[in-house]
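All chains are identified by letter, namely A, B, C, D and E, in their written order; residue positions are counted from 1 within each chain.
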Amino acid sequence: MDSIWFKLLGVVVSFIVAFTVGMTYMGLSRKITARVQNRKGPPFYQNFIDAMKLGSKTSAIHHGVMQHFGPAFLMVSSVMSLMIIPVLNNGMWFSNLNFHGDLIFLLYIMVFGPLGMALGAGQTGNPNSAIGVTRGLSQMVGFEIPWVMALVALMIQYHTTSIVDLMNIQVESGTWLIFSSPFAFIAAVLAMLGMFRYSPFDIVGAPTELASGPMSENGGKYLFTMMSSASVFAFAKLTLYVDLFLGGASNLIELLIKTFVIYMIPVLYGVVSPRYRTEQSIRYFWGWPTFFGLLAILYAVFF
Amino acid sequence: MINDKNSQKIVDFIQNWARKHSIWVLAYGTGCGAIEIPPTMTSRYDAERLGVRGAATPRQADVLLITGYLTTKTLKRVIRVYEQMQDPKYVIGFGSCTINGGMYYDSYNTIKVLDKYLPVDVYINGCMPRPEAVLSGFAKLQELIAQGKANGAQKYKDNLDWYRENQKKIIPNWVMPEYNW
Amino acid sequence: METIFLIFILFLGGAIVTWMAGKLGNIVQDILFLATILVPSYLFYTNVATGYAIDFNVGGIELSWGINAFGWLFSLIVLGLGAFAAFYAVSFMKGKERRGAFYLNFILSIMAMLGILMSQDLISFFIFWEIMTWSSYIMVVYNGNDVQRIGIKYFVFSAIGAYAMLMAIVLIKSMTGSFMIESLISSYTSFSYDMQILIPVLLLTGFGVKAAIMPLHVWAPGAYSNAPMAYTSIFSGSLSKMGIYGMVIVFTTMLSYVPEGVWFRGVVAWLGGFTAVFGTLWAIKQDDAKKLLAYSSVAQLGYIIVGVAIGTPLAMMAGLFLAVMHAIFKGTLFMVVGAIERQTGTSNFTEVTGLIRKMPWTFVAALMSIIALAGIPPLGGFVGKWMLYESLITSDHYLLVIVIFFSSTAAFLYCYKFLFGFFLGQEEEEWAHVKEAPALMVVPMVILAGLTFLLGTYPGIILKPIANGMQTLGYGMTQGQLWDTSIILNEWGNQVVLQPILYAILGIFVFFVIFVTIKGYKNTRYVTTKDISSSGEVPLAHENLTFSQGFFQPFLRAVEPAMRRQIDKYYTAIANGLESLFDFTRRIYTGNGQTYAIFVIVFVVILLIFKNSIFG
Amino acid sequence: MDELKTKIIERIKANFQDATENNSFNYNRLDFNVNKTTVPSILFYLKDEMGFKHLSHITCVDWLEEGELELIFIVWSPVDKIKVFVRTRLDRENPVMDNIDMIWRQAHTYEREFREMFGIQFTGLEAPQDFLLEDWDGPPPMRRDFHTEEYASETFFERPGREDAGDVREEIIKRSGEEIPDFAKKYSR
Amino acid sequence: MVGTPVLFVAIPLLAAFLIPLFGMIWKESVRVIPGIVLAYLLVLAINLMNYVMVNGPIVEVIAGWAPPLGINLVFSAFSGFLVTLMVFLGLIVWMYSYRFKRNVDFEPAKKYFLLLMMLITGSVGMVLTGDIFNLFVFIEITSISAYALTAFYTGRDSAEASFKYLMLGSLASAFLLIAIMIIYSQLGTLNMADIGSKMHLMKPAYKIMAIIFLFTALGIEAEIFPLNGWAPDAYAEAPGPVGAAFAGIVVKAAIYASIRIIYTLFDLSGAYDLLIVIGMITLIVAETAAIRQEKLKRMLAYSSIGQMGLVMVAFGMGTEEGVFAALFLMFNHAIIKSLLFLSGSYLVYNSKDKLIKEVNGIGKFLPITSFLFVLGSFAIVGLPPFAGFWSKLSVLTAAADSNMLLIIALVLIVSIIEVVYYMRVVNRIYFFKKDESVSTQRPTLNALIAMITLGAIVLIVGFYPDAVTGFLHRASADLMDKAGYINDVLTLN
């Protein structure tokens, strides 16, 4: 069981699962957006087609070595997050590396990718890329605050920083953390809106304003790598939310249901929202979400 | 890696299928044609169900949609944009201005025949073409892609000298980077 | 002769000889300079063991020099970084004016810092402290830019700190009858309550100035950015650590004996937290790389202060580990700026762009140090930050951890600005001539950058000396359980195992780099940064499209209320007010003989009137 | 209104001897012919002394037969609600005019356009050469002796069958056998 | 024992009168003779000092009249130390001013060295004398030569400064004479030791009157605020070496006299507090005034006043440590401030207004002089490892031992001000661009030697304070030992 090959298999399988699920979810979000806008919308597998098309582009350009590294950094971050986050409740399947790191490590691994991507975007020399990166980083500072507050609240409430421990606590006590620490959940979910960069927080890669920002010089295989990384990352984040607040999942079906429910929050919020400017979104995150984060910490300290 | 002819065929089929159903459009909104794009994309006609979607930059785009007359000044930019796109790439000429000059047939500053300068895969005629026409144009392009006939980029590559000559005739001050793929 | 004396005589003599040797030729001077740094360092590490001390007597005052394990840890920062910076400096100073003075003060600073670490009594501590202050002061004003403002500000704040310390020292002397640090520590609990409060306050003020803690930090940005970069790397890397060194001693010895220590720890930790936040915010605003790094130094020192002020074993380890890491990466970054400034003539982000293909090695060094600074695994900064957060959470400093986290996240902004500003973006004709820096400058930078990688994977290398040092300070053996060679652990038992993570990261990274690079390799073309999709426009060679003005403007707009007030302005207002007041006192001397005569008469009259109350 | 106009005419005439007015236009409009050397000063005077703050328009007429180009500056006084036309004639062969963009900044754009379209040189105009017509090397296209259609057919490719501007519908009908619907007939030429 | 204390007064006085005579024979002799005399005196002082350190004070009786009736000179560890210092500084000043500015010509040089010898006579006499009326006489000698030296550069400003000095000096003389009259009328004696032993017989009212007048009179000479109006002008307008002589010799003598009076003659408890308060005010006012000065020598003058205030504070502590600190300060101040005046004079040698901004960028042109000035600046603000640090440390330690927290804090705050104005000058010297219109003057060799000697002492004392602390401890013990002093003087014969 502990053999390295088994582990590697687990990594590959979880990657494939994450990729598939993430892609499907993103396709579904497009479909849902279309339905909300009274359109028929693309089929739910449209994202696979797009990815395939991008992968089958026969030429590509790059502006230097950092542009090669950028998508790779992004992918490293996504896959590492996936490996640190326990996918299922029992440690046997897809346990990957999740006994080797904790929540704070995860936080840093999660920002690793965007920063690497930012470097890649920087080397293209396209001013739009740099502008998009500055907006993205600024917005990240915004949503990290409630997000960290929620996590810290969980940590002090249960005296552990390990995700696995938090899941075990939920399994043992039978209550999900969404009920035992509701404010942390609210803060975390509000922060998640920014993390997914859907509307209204999509100024980073606004297509008409910034020509898609950081991605503006990337096409073909670079875009393909980014897209698949984004889907893996989305799945990883959703799994993390499920693990932290919804008691994890004991099998894949349960996981899919729970992640889909969580995923609907930013998607549905997004389709009915206009777009915030950067400083507006930062102020948004430092308003109510941070307040709930504070409440969560107080709740954790006093109860 | 895959040298076998039949397997190449299968790969081509799959790739063309993907390309056919995922058309990212860079709309070069010159002239009055640009106004026909929003209805095409939004809920009334919803081009997204065909996999047609806007692309923000030429690097990401598959199709260059030229929606009207091109002055010599804009032609330069259009050529630039086209050359920045990644293979495989297609051009759709939109409206009679791109076909024969349309109402600008005697303008001192507007080109009349687009396919002398860029390899147009599909022309959509009309002044202006309605969204239905646009959609049928896309459908035609999809058909061509599926058949592997939409090889404008290859044509451009093969006849680059001829295209360059035509382009340089009306753009004497040629300062663009080399097009070498 | 005692080796300790020999070390200092070599430093001092070497400094003066190097200073004088300018006439013998540059190469002789360079060799003398390097020898003066390296030979005593070698002697120190070979002949001076920890736990070694000698006593002697100067001017009727008992002095004692020696080194303990804690000082030895800091000596790594001082001499190690000093040696790298020395090699760098030799190349950096090529063809500059006043090399002699530079070398003299460089050596004196190193000597003074080593002296501080070796001082077992307060007087030699103070003497070396002041030598460090004025030698660094001369370096601050060395370039001659704006010296009356920046230099005087630095010296005034240093003097405030030093004199606060001196006041504490003389008070201690009058109470214990001795200048020994040991006697201070042993008799501290028997002091009166007032003194128990006053002495740590004074000492912390003294150390806080050098460590650039919040209200006393205003000198730092100007001073760091104004000194030659070869010196700033040790100025920010090592010299500021002397403040940390002192603070650690105050916290672990004196303040751990009295109940008020908890308050001190809390206040200083919060000050450190605010320092971190505001240092970061101001760093984001800077357009000059030197200023940016200077503010960033202030912010990073804030983390370190938080760590040492909290003072649980993990927090202390985190603080000390961060101190070592900060020395390495910030030293490297200042070297990078120096290299860029030397090659291009400016250090302003709005002017220099796109150096990545011209100075690749410098970029590698900068990239690795920046990743370490940002605290991103697998490089060294992460280990320190991880331990800091875990210690803050496990020791119930919940809001502080948010503050620190905010600062640390916001630090990504200036990290990116640094890399983007210099290395990325459009490649301009203006900088087409730029070449890579000389090998002597590049090699120290790259080696130091490599160290961040090594320490990020095997932090045990440096955590072991830290643990030894902490035992000297009175921590038990428990902190030994908080780390293994490559595993770090918090007090609840949660851990990060660095090696498999490192391997995983490297593996995935290589895999995808290969994927991205190899796939369709022949069809992947390099295009210049002028060939960008800018709405079909072709930027001309002289047109600079790099986005560098008002970087992070949206973020700054969002935090604008917090940055509206500057402490610096208040200090300036106070200084101006005092100068006007002094101008008033100057007018007492009117220059009129009659007035002076009246003064004499008035003086006599006053004495006569109050004679009973005065002499009564 | 009439007193106002008379007053303005008097003041202009008093200050600028070469100004001749032809006052045959509608009620709030004045019209002066001046020498081209007088134009900057009269415009300056109108703007600073008489409250004609607003430069409405600058336009140009090509008097091919007379061998002259006529520049017309139209200024407007928001207080008096009167607009003044200042006309001047330039030699067609060598049209040179003083630059007035220091009086109104927006004149800059007009002047760049005239430079390209009519070939009028404005002395001291600091602007890049290309404005609307990039890389133009033909004669100024807005002059009346410029033959647009000829130029276009020389320069640009033409689709065969589109040599004239005639109605192609008949041809299409013939080719495909379709009928033109009644409602569409009125649009055909 | 190779000589008697009386030689310290007699020889320079004689030399002063002989200088013009020998000058008629050999013109260079006006320069050479003072040097020989001072060198001899220095050797003599050191010898005597050695003797005193072993055998206790020497009391020299003039003309055979035993104290309390006769005039006596006391060469104790305290006064001997000061005498040695003064003579040494006299030698330095002589060496420095050998060919300084107007001294190149015969006529001014004659006057200059004559007056310098008179100045040294008077100051040394003030320190050595054991008789209060003689003290008056020596003060007059000192003052009159000082007035003349102040006005040595015959100009409007010099004359004005000299006149102010003269005016306040006359007041001082008047007060001193009044005080002497009061004491003599009450106790019938002029001998200090005798006065000290009989002080308890004096009526308190008279006692207080006497001490007020004495204190005021000596305070004028010792530059105490607010009695020091003459000082900035005199320092600024007198030749550079004379400034050094004032700071190192004249003021030291005056301080000695006032301290001797307070410590030995009177036993008023409030006097110590008065010293501290007045010293503190002097320190603060002088340093704050110094920061706004535009002329280099005026700045140095104010700094000098401030240091004297600090000396007063140290004396005012009344403990042996305080006295030790005060003596150490006096020693350091004499050396360092002389160094500053001497090197500072060359920094603004050719300038008319002696403005601070005229030293901009001069470090490149006068490297050694600038370096010595910077060394002096660093030393006087008390940066280790230079001499000034140890004296500042001893002052603070003494204050801490006397539990005077406020004093420590104030002294340190004022030190920061001191740092600011000295560092501004240092910055200007090295890190500013030189004004092309300012011409520089290279120091002569003898001036260089004089300055380097002082600089070497600064460094030696900085690195090895034991070189002087032994003497200082003896001297301070000697000053504190009032009974011993009286005993030594009165039981002679």
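Criterion: a contact is a pair of C-beta atoms (placed from the backbone, for glycine too) under 8 Å apart; a residue touches a chain by one contact, two chains touch by 3 or more.
Predicted model, so just to flag it, every value in this text is computed and none were measured.
Trainee: Treat chain C as absent and tell me which of the other chains still form joined groups.
Mentor: Taking chain C away leaves these connected sets: A, B, D | E.
Trainee: Moving only to chains each one touches, count the minimum steps from chain B until you reach chain E.
Mentor: 2
Trainee: Centre of all protein Cα atoms: which chain's centre is nearest to it?
Mentor: C
Trainee: What chain is the most remote from chain D, judged by the mean position of CA atoms in each chain?
Mentor: Greatest centre separation from chain D goes to chain E.
Trainee: Can you pull out the chain pair that has more C-beta pairs in contact than any other?
Mentor: Top-ranked chain pair by contacting C-beta pairs: A-C.
Trainee: Going by the average position of its CA atoms, which chain sits the greatest distance from chain B?
Mentor: Comparing chain centres, E lies farthest from chain B.
Trainee: Give, as an integer number of Å, the spacing between the C-alpha centres of chain B and chain A.
Mentor: 36
Trainee: Need the CA-centroid distance for the pair chain D / chain E, whole Å please.
Mentor: That pair's centroid distance is 92 Å.
Trainee: Using the touch rule from the top of the page, what residues of chain A touch 2 or more other chains?
Mentor: Chain A, residues with two or more chain partners: 57-61, 211, 216-217, 220.
Trainee: For chain C, jot down the residues that touch at least 2 other chains.
Mentor: Where chain C meets two or more other chains at a single residue, that happens at 523, 525, 527-528, 530-531, 533, 535.
Trainee: Go ahead and list every pair of chains that touch.
Mentor: After working through each pair, the chains in contact turn out to be A-B, A-C, B-C, B-D, C-E.
Trainee: List the residues on chain B that touch chain D in their complex, please.
Mentor: Residue positions touching the partner: 72-73, 76, 99-101, 105-113, 116, 166, 169-173.
Trainee: Could you please specify the touching residues of chain C with respect to chain B in the complex?
Mentor: Against chain B, chain C makes touches at 523, 525, 527-528, 530-531, 533, 535-538, 540.
Trainee: Within the complex, which stretch of chain C touches chain A?
Mentor: 354, 356-357, 367, 374-377, 382, 385-386, 389-390, 393, 396, 398-399, 401-402, 405-406, 409-410, 412-413, 415-416, 419-420, 423-427, 490, 492, 494-497, 500-501, 504-505, 508-509, 512-513, 515-517, 519-520, 523-535, 545-547, 551-555, 557-559
Trainee: Hey, which residues of chain A end up touching chain C in the complex?
Mentor: 57-66, 68-69, 71-73, 75-76, 79-80, 83, 97, 99-102, 104-105, 108-109, 111-112, 115, 118-119, 122-128, 130-131, 133-135, 137-138, 140-142, 144-145, 148-149, 152, 155-156, 159-162, 165, 211, 216-217, 220-222, 225, 277-279, 282-283, 286, 293, 297, 300-301
Trainee: Per the contact definition, I'd like the list of chain D residues that touch chain B in the complex.
Mentor: Against chain B, chain D makes touches at 132-135, 137-138, 141, 146, 148-149, 151-153, 155-159, 162, 165.
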